[in-house]
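Following this line, the structures themselves.
Both complexes below contain chain A, partnered by chain B and then by chain C.
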Partner chain A sequence: MAYGTLIEILFYLFLIMIAFGAWQAVTSQVLMRAVMGLAMAMFGVAGLYLYLNSPFLALMQILIYVGAVCIMIVFGIMVGYTPKELAAYAIEPRNTVVSLVASLLTLGVVYLGLYRAQWVPAPGAGQGDFSLSTLGLSLMNRYGLAFELISVVLLIAIIGVVAITWNGKRRGLNK
Partner chain B sequence: MPPELLRMIITAVLVVAFVFLNAMILGYMERKISAHIQRRPGLMEVGPHGVLQLIVDGLKLIGKQLVVPEGSSPFLFRLAPLLSFAPCVLPFVVIPFSRKLQAVSMDVGLIYILAMTSINVVAVLVAGWASNNKYSLFGTFRSVAQAVSYEIPMLLSLLAVIMMTSSFSLEGIIEAQKYYWFILIQPVAFIIYFVSGLAETNRAPFDLPEAESELTAGFHTEYSGMGFSFFFLAEYANMFTVCSIATILFLGGWKGIPLPFYDYSGIIWFLLKVYGLLFVMIWARWTYPRVRFDQLMTFCWKYLIPFSMANLLITAIMVKII
Partner chain C sequence: MISYNLYTYLAVAGALLCFGLYGLMQHRSLIGMLISTELILNGAGLNFMAFNRFLAPDPAIGQVFALFIMGLAAAEAAIAVSLIFAVYRKYHTSDPERVNDLRG
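Showing the complex of A and B:
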């Protein structure tokens, strides 16, 4: 069998993994299943990085998202709430509306950005040197601003988490 | 059949065989060493000095039924041992046993090993949660908290070596130790790494996740038969991986006194060093009592992490100066 076909099959396998995992992560009422779905989707994304011939990114994806982030999610919520509380909280109709609005808004913003963008090859790309040291140097020099802006996203996430947990406390969810 | 595919199959068979063999050797070592430390003979019945005992144990485990407890989540319960076992086998593919004995040479070999070992936490989590047993769940909580905390000093201590060699490739790091082993200039990193390694593999004195006197057996309480033996194999494979990283990064890997056919016979030095470290791990288990949970966390966050940070900073300054 030609390797090309095998790789194509793997590519579609990764896509199915991502789609199924994401579906499981969103729809499952049981926290553990949702997180396992998320882990599966992350594995799929790591597979896509491998498909794009970037083993470093793929391994980082596994190390950070599967090994750390998923675990932190389970840990954070497991310590905080019992599964029943969580399930009861999650199926309030008001939350469905809020989450629908939020996800549609995000989709709109992302789609708008993608639609309007003028796609040009990144300067310096395509010359064939994709080694780790080049990647690191360009992240620290040429794309320094973008690199720092990503950490602002993390800051926003932390503030968001604090805001959500404070609201929860005030409404007496922690009882 | 294309030669590449044949190579892959041979590698897979050899690696899995080695994982089983390693578990048998370590299981025998552990029981024999513990016995001699406690001044008793230990295994004596099956074979000379009980060397065949582990084969018999293995057969017994294969023959046993895997009982799925009531109220558990059957799919996740059955998935967990596989999820624990599979990633533990994968690191063996990139470990350079000697100059030529390495299945796949990877630029990012070290990160590959670390990424694969980090999946084990997920398996523990699934196992403990799916068992529907409070001992399992407590063991899981402890194990995950411990693994997540001790991963930080572990990675920081490895980063010091990576800074010096500016390479993630395992062969590159061994080649960089041409004149001296890195344990001579990075003793602090080695100690921090080894202690974190003990904690990562849930070995005594950090074996709170499976503290027998409190939690029966921790996260694998409900597992029997092959389900249990997969966790058992994974634990020993993990110990081997941790010790082989220590050997590669700090003890010069397969380097030693040159032997005939050195490209292949370096494996003798490599295995001697790894099993030496494994002996220390087993020795520590029967020497130190189990720590309390607050002591465990204090030791990690207040001592190991600051020291590894300081070590990293000093290394960075030295690398810049020299």
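Showing the complex of A and C:
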């Protein structure tokens, strides 16, 4: 089998992973299965990042989304819900018809815009150096301020999480 | 070659947005809504990367954008999970329709 065909087959595999995982994530009423579907869809998107010339971003996708965000949501499910409630949520979903119509309408509008738009590449598009060292240098030079800002945002998020959860606990102890 | 086509990636990103929208409206729990939000953010990141690969002359800017979206999504998920805990402790439910009274 030719190398190019193998690459195309893998691409289709990633697309199927995204579709199946996202479908599982939004339709499954068992929350744990929904998280697993989310992780599967994120793996698929990481595969697409490989095709977009960015293996570093694919690794970060797996590390941050699959490794951190999904695990945190799993913790949220396991700590925050009793088994009885988890069973209670596994009833039928609400307003399925409305949400189906609304999301299909959105899909139609998005695809219509996609169909009618003319995308013209800028001169020199896709020719640049996609390597990790370029990315690191531009993070340090040109996007240094944004990099620092996002560090501050993450710090504030950590403090906020601790404050929100700790406050409720203290009130519970005072009762 | 479907893998070397801007429209493929944009279509996948649009599909992720609509999956997330559907889940956001029909899930019965706050955690399910958070999961759908993550799908939408993933679609946004994919969009940035696709435009960066096929249209933009600067190869780093799309990757920087996608990385920042990932960082913000992580922060947002942490805050959302802790808020869900706080709501759960106060109302003893995670059903968004039963969390409906405002008090100072």
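Basically, the second predicted complex is superposed on the first by the 94 of 175 C-alpha atoms of A that agree within 3 Å, B and C clash if a C-alpha of one lies under 4 Å from a C-alpha of the other, contacts with A are read in each partner's own complex, and residues count from 1 in each chain.
One rule holds for everything that comes next: a residue touches a chain if its C-beta (ideal position, glycine included) is under 8 Å from a C-beta of that chain, and two chains touch if they have at least 3 such contacts.
Keep in mind it's a predicted model, so treat the numbers as computed, not measured.
Chemist: Regarding the shared-chain residue A:Phe75, is it in contact with chain B (first), chain C (second), both, or neither?
Modeler: A:Phe75 sits against chain B and chain C alike.
Chemist: Between chain B (first) and chain C (second), which, if any, makes contact with A:Met60: first, second, both or neither?
Modeler: Once the two structures are laid over each other on A, A:Met60 reaches both partners.
Chemist: For A:Met36, using the defined touch cut-off, is the partner it touches chain B, chain C, both, or neither? Pick first, second, both or neither.
Modeler: A:Met36 sits against chain B, while chain C stays out of touch.
Chemist: With both structures fitted on chain A, tell me whether chain B or chain C touches more of chain A's residues.
Modeler: Partner touching more chain A residues in the overlay: C.
Chemist: Which of the two partners, first being chain B and second being chain C, lies in contact with A:Tyr111: first, second, both, or neither?
Modeler: Only chain C; A:Tyr111 stays clear of chain B.
Chemist: Can you give me the overlap between the chain B contact set and the chain C contact set on chain A?
Modeler: Touching chain B and chain C on chain A: residues 56, 60, 68, 72, 75, 79.
Chemist: What residues of chain C sit close enough to touch chain A in their complex?
Modeler: Touching chain A: residues 1-3, 6-7, 9-12, 14-29, 31-32, 34-36, 38-39, 42, 45-46, 49-50, 52-61, 63-64, 66-68, 70-79, 81-86, 88-90, 94 of chain C.
Chemist: Residues of chain A touching chain C in their complex?
Modeler: Going through chain A, the ones touching chain C are 4, 7-8, 11-12, 15, 18-19, 22-23, 25-27, 29, 31, 34-35, 38, 41-42, 45, 48-49, 51-54, 56-57, 60-61, 64-65, 68-69, 72-73, 75-77, 79-81, 85, 89, 91, 93-96, 98-100, 102-104, 106-107, 110-111, 114, 119-130, 134-135, 138-139, 142-143, 146, 150, 153-154, 157-158, 160-161, 164-165, 167-168, 172.
Chemist: Quick one: which bits of chain A touch chain B in the complex? Just the residue numbers, please.
Modeler: 30, 32-33, 36, 39, 55-56, 59-60, 62-63, 66-68, 70-72, 74-75, 78-79, 132-133
Chemist: Using the touch rule from the top, collect the residues of chain B that touch chain A in their complex.
Modeler: The touching residues are 73, 76, 106-108, 111-112, 114-116, 118-119, 121-122, 125-126, 129-130, 141, 144-145, 148, 151, 166, 168.
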